[in-house]
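What follows is a pair of complexes built around chain A, which joins chain B in one and chain C in the other.
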Partner chain A sequence: MSRKSKLFVALLLLPSLLITLVFYFIPAVMTAAMSFTDMDYRLSWNFIGWDNFKRMAQDFLLPRIMKNTLVYTFATLALFNVGFSVVLALVTSFVPERTGRIFQALWLLPRFTPPIVYGVMWMWILDPTRNGLLNSLVVASGGRPVNWIAQYPMATIVITNGIIGVSFGMIIFYSAIKSIPREFIWAAEADGASWLQQVRHVTLPLIRWPLLFVTAYQTLSLLTSYEYILILTEGGPFFATTVWSLYAYNLAFGGYFANYEFGYGATLSIVLVVLGTIASIVYWRVFRFREMMSEPKIEVM
Partner chain B sequence: MAEIRFKNLTKKFGSVVAVDNIDLHIRDGELLALLGPSGCGKTTCLLMLAGIYKPTSGEIYFDDVVVNDVPPKGRSVGLVFQSYALYPHMTVYENIAFPLRIRRRPKDEIDRRVREVAKMAQIDELLDRKPSQLSGGQQQRVALCRALVREPDLLLLDEPLSNLDARLRIETRSEIKRLQAELGITTVLVTHDQIEAMTMAERVAVMRKGKIEQLSTPAELYRRPENLFVASFIGDPPMNLLRTQQSVENGRPRLNGGDGFVFSLPAEFEQSLAAATGRDVVLGIRPEHVKIVGRPGEHAVRGEVFMTELLGRDTLVDVRSGDQSIRALVPGDVPLEIGENVWLELQPQYVHLFDAGTEARLPDLDLAGSEAAAVP
Partner chain C sequence: MAGMSRFKVWFAAVVVLTLVVGMGALVHAQQVVTIRAWTVGPDTPAFYRAENLELAAERLNRILEAAGSDIRVEVEADFWTESWDSYRRRAILAFESGDPSSIPDIINSSHLDIPIWADAGWLAPMDPYIERYWDMAYQDFFPHLWDAVSYNGVRWGVPQDIEVRMVFFRKDHLAALGWTPEEIEDLPRRVRDKEFLLDDLIDVAKQMQDAGLVEWGVIHRPTAGPDFFQFIVAYGGEYYDPATGKLVLDRDAMLETLRFFHRLTREGLTPEGMTTWAWPSVHQAIAIDGTAGFQITGGMWNWNEWQRDFGHPEEDLFENVGFFLIPAGRPEGTPNQLGQPQAYMITSASQNKDLAALLIMLASDVDLNTNHALEGAKLAIRQSQTAFPRFAEAEFLSQAATLVPDQIFLPSHPGSGFYSTVLYEAIGGVEVGMLTPEMALQQLEMRLRQQLGDDLIVR
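This part shows the complex of A and B:
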């Protein structure tokens, strides 16, 4: 490439570089810088060195929050975002195409619903009085109303998030399954494999790449998302459902006990970014993304 | 081992009739080819035999048992696809072992049989490789091993050679045939390649639009095609098929092909032509049976060289005679000029006659020593 055309390419890339710089890189650097301050509602940049990190190490809530985060992330992943979406993709690709599509559209609805509406819907479903949907069923069948959110807070946030999260994997897995050449499935059938054996020995290995992609992508997105938890449980009762990102949010903006702790909140965010990056690298390594990237996404010969 | 019967077998996909009321008997231990152009229903037949498709109506018998509702795992069938469909994430060993693993056979038995069949197909050196590390020919052998490893009663091959290069195809052709004969396993070979069908199969079923047009030995298909479709489909270069009107002159039947093309047949053919009285007749003769001669003769027609094509050993000469175009396959490189006048000898014993209306073959004569009438 000549110097001139290199310049031209650089010029073309400039707008997107600028956007990345302004909207991602600068805030990230600012957050990193903020984590070394004790910034509060006065927004003053008062640098205090590693104090925030030392505070983190001594934060008695943090082990609990770390455990919450891991349980929430991996339970939602295993039960819904990967586990259930594989099941749904398999089932919808097995039944007649129309039926499958309608079924998928139903599962996409929550994703199109505004978070507040979705959250309020669940509050009504799980309402502790006898007017809640679930409780009205319980009462109708002779039981006593249950305070669902208070009694099963972790299950609540896993289920509510999972039901939304399912559709992403379902759509990706479905198209991956549909693009497996029919001959592979026929061959397995002719070799005597039952449906479950076909799934286990042929279908799942052939959609390995989408499986790993969704797992990694959803891990990161679950680590950083907290809006439904905020709406439904606000992290309670007593920190039972406070995950890392929500904790950081509450410290900075929330109404728990220490408002406007921007400095410490930034520290927690930065650590989460680092943890997320480490998780990505681990996925990258363990699943050898690099090798998969160079292969066709659906493996055929 | 098994013998297979189709009884009024039909398969429809919506309004598409892929297989149309077929009757067929595949003998125990035989290699039968389903031959026909693309889309004529060959693969559909095969997949019904494997149990992957269910017939819309009619029955499939394995020996005396109707297997319509028996799933693939309940049939003893090995299947090889054109694309081979080797599982890309498994090694060659795992691919071949798969049908046995699925059936939870003991490990040492699996190992013994995988190695046995791999050795027979000469791929025992490749067991640790992944399919993507193999050549097309090697992949084909692996697919064959996977189909054979559990010693099925029926082997189904769907265009097994189509993805191989020309030389390898010839080798593999005879190898599969040898293997099949050795194992004595009933085999159905699906192909659109007539050479493949004619060289490998004991009997060939020529299919068109979901129906079987003719079922016979390769030699008979060549010598005695039962209708116009088979006549035009079998043979390379294809048979000359000339549409003519019949008449009788001086007690001898004559075929009139327009603009001066006239061909006289011996008087005996009158019987044969009587079956198509009042209708046009198609005169068929294979290019290899047309002789170019220097002077007029009893069975010669006059024509003008239109084009010549050197096909290596032979030359294909395209001659215009009246309204008709006749191709002759002559040995060697023939020094013929375009536009040159020649005589073509069409020997009566090589002539095939068809009813242009029904497309069926007209009854044969019993000409002593004639090849055309020599039905085994």
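This part shows the complex of A and C:
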């Protein structure tokens, strides 16, 4: 590559490099620096060495929060963001196109709804009194109102987040399924494969890369997402739905009078960044993303 | 040539005239100063916290005009009705930005925000302004309100209102249980004289529930708040040591408090997920359809919320809803109720502190503050206000004022907010059955020790 071409490439990359530098790298470095301070509402950079990390080791709430984070992330991922979206993609690609499109549009609605509206809608659905949508049905059928959030806190946040998250995978998997050459399906049909066998032996292996991509992307996304949990349960009752990122947020801004623990909150955030980085590396190696991104060995067309 | 010179003459005349008019306009131009104010309900009837500042600006502008001043004040007052925590978050983010165009000149909030906001340097000391207008306005403010807005010996705000909290109960359900009107009328006295304790409240609530009068015997607020400290005092405990200025964890009284809430849910009087309720459901149950017997963390402003937000007539409230102090939990405990004064504060970032102080002084006028008291169901902040006809004639306010002698406050301590939050979380954990009262006490103590360190005394 000539010197001129190199310069041109560098110029093209510059805007994205600048954006990454300003909005990711600098904040990450500042958060890392802040995690070594006891910064509170006075906002002073008072460095205290490893004290925040020692505090983490003594924080009796953290094991519960770590467990919540893992259950929330992998249950939402398995049941909805990957599992259910594959099912929806298969169903919508199998039914007539128009029906499939309408169905997909309906599933996309929550994605277009502002988080606060979506959260409030669920608050009304799950209201523990007879005024709630679900409870009005329970009462009409002769039962007593159920305290959905208090009795099933983790299920509540998995379902409410999953219903939103499912559309992302659904669209990607649907496109991938639609791009499978019809000849493969015809060949399988000619060999007498049932629909389930076609899915198992033809469709799923051919959408392997999108599956791996969605799994990796959604893991990282779920690890850091907390907005719907904040709106719906605020992490309660008694930390039953507090995930790592929400705990970090609550330390800084949560509570009736805001807790202002910016230093310790930053420590927890930086641990999350490290965990996310490790997960990315693991996914990169285990799922062999390099292979996915490399040029094909044989040019098909 | 003649035409040309005529043009020159006209041109010169127009230029001169323009200059003269322009200069004159410059000399007499009015300078409009915009004062931005953030105020909070979150209960909607408290809207006069914002509106009084706008009315004060009208009065100030009349004074300025009469005095021949070219300055005029315009108030951009914002009234927040979402929630306390979102209001505080908004304030913190604005303060932290350090940008004067993002920070209001006047901010209204609870007196409990003062220690942290003052420590952080976000507030301007109010002492110079209070002294400046002392004989014009502030001399007849109730003295204990000045204590509430003081921190480290400095007054950081001007009291804006004061309220009482109370237990609301259903008179109609007591009557249905066979109580005579005289017995119902006498109940608040019995509470004050410790003849009716929290255990008695549980018994009556159970009777209401057993008789099928209510769905829930006892309900409480579904959000964190300082109200829960009332129960520590009801069980004879303390949460603050005035001698050292430290917060106190009184293990015995705290355990009894947690056991009280545990008992409420175990006996089916209170829903296990009470902390997941929405506020409107609480109001609906106690005041509108009477499906609850007692609301043990009520506040006098609820009275006007029920009328304003639910359209419920006051006559019906007087007929069916009564109130009393938080009863003692045991004979050595104290019946009480907690007040949380609100204050107007001036931010340190304000470029117009003098004008902001004038506005606050005028917004504290007896008639304006009475607007707020009547609309928002709040008590008087000034001696002269109690004799002001519109205030003196308000029946609910005068009834609520009988609870004032038993008032307690949370201390102006930076840790009060955290204490309030962890206490509420512990109660939520106990109610939902995730923690026993003993476990909740242990975890509460660990969290308080971790956060407050030497600022906590454990007894």
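What we mean here is this: the second predicted complex is superposed on the first by the 275 of 301 C-alpha atoms of A that agree within 3 Å, B and C clash if a C-alpha of one lies under 4 Å from a C-alpha of the other, contacts with A are read in each partner's own complex, and residues count from 1 in each chain.
Here, a residue touches a chain if its C-beta (ideal position, glycine included) is under 8 Å from a C-beta of that chain, and two chains touch if they have at least 3 such contacts.
These figures come from a predicted structure and were not determined experimentally.
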Please determine, from the superposition on chain A, whether chain B and chain C clash or fit. fit
After the superposition, just quote the angle formed at chain A by chain B and chain C, using C-alpha centres and rounding to the nearest 10°. 150
Touching A:Pro96, do we find chain B (first), chain C (second), both, or neither? neither
After superposition on the shared chain, which partner residues are touched by A:Ala193: those of chain B (first), chain C (second), both, or neither? first
Based on the superposed arrangement, let me know which partner A:Leu206 touches: chain B (first), chain C (second), both, or neither? first
Using the touch definition from the top, say if A:Pro114 reaches chain B (first), chain C (second), both or neither. neither
In the overlaid three-chain picture, which partner chain does A:Gly142 touch, first (chain B) or second (chain C), both, or neither? neither
Once the structures are superposed on A, label A:Thr129 by its partner contacts, choosing first (chain B), second (chain C), both or neither. second
Of the two partners chain B and chain C, indicate the one touching more residues belonging to chain A. C
With chain A overlaid, the minimum CA to CA distance between chain B and chain C in angstrom is 50
Shared contact residues on chain A - chain B and chain C: none
The residues of chain A that touch chain C in their complex are 41-43, 55, 58-60, 123, 127-129, 131, 147, 149-151, 233, 236-240, 253-260
So in the complex, which bits of chain C are touching chain A? 84-85, 88-89, 92, 96, 112-113, 116-117, 119-121, 223-225, 271-273, 275-278, 280-281, 284-285, 414, 416-418, 420-421, 424-426, 428-429, 431-432, 434-435, 443, 446, 450
Chain A partner contacts - residues on chain B that touch it in the complex: 47, 50-52, 71-73, 77-79, 81, 83-89, 98-99, 102-103, 131-132, 139, 146, 150
Taking the complex as given, what residues does chain A use to touch chain B? 181, 183-184, 186-194, 197, 201-202, 205-206, 208, 299-301
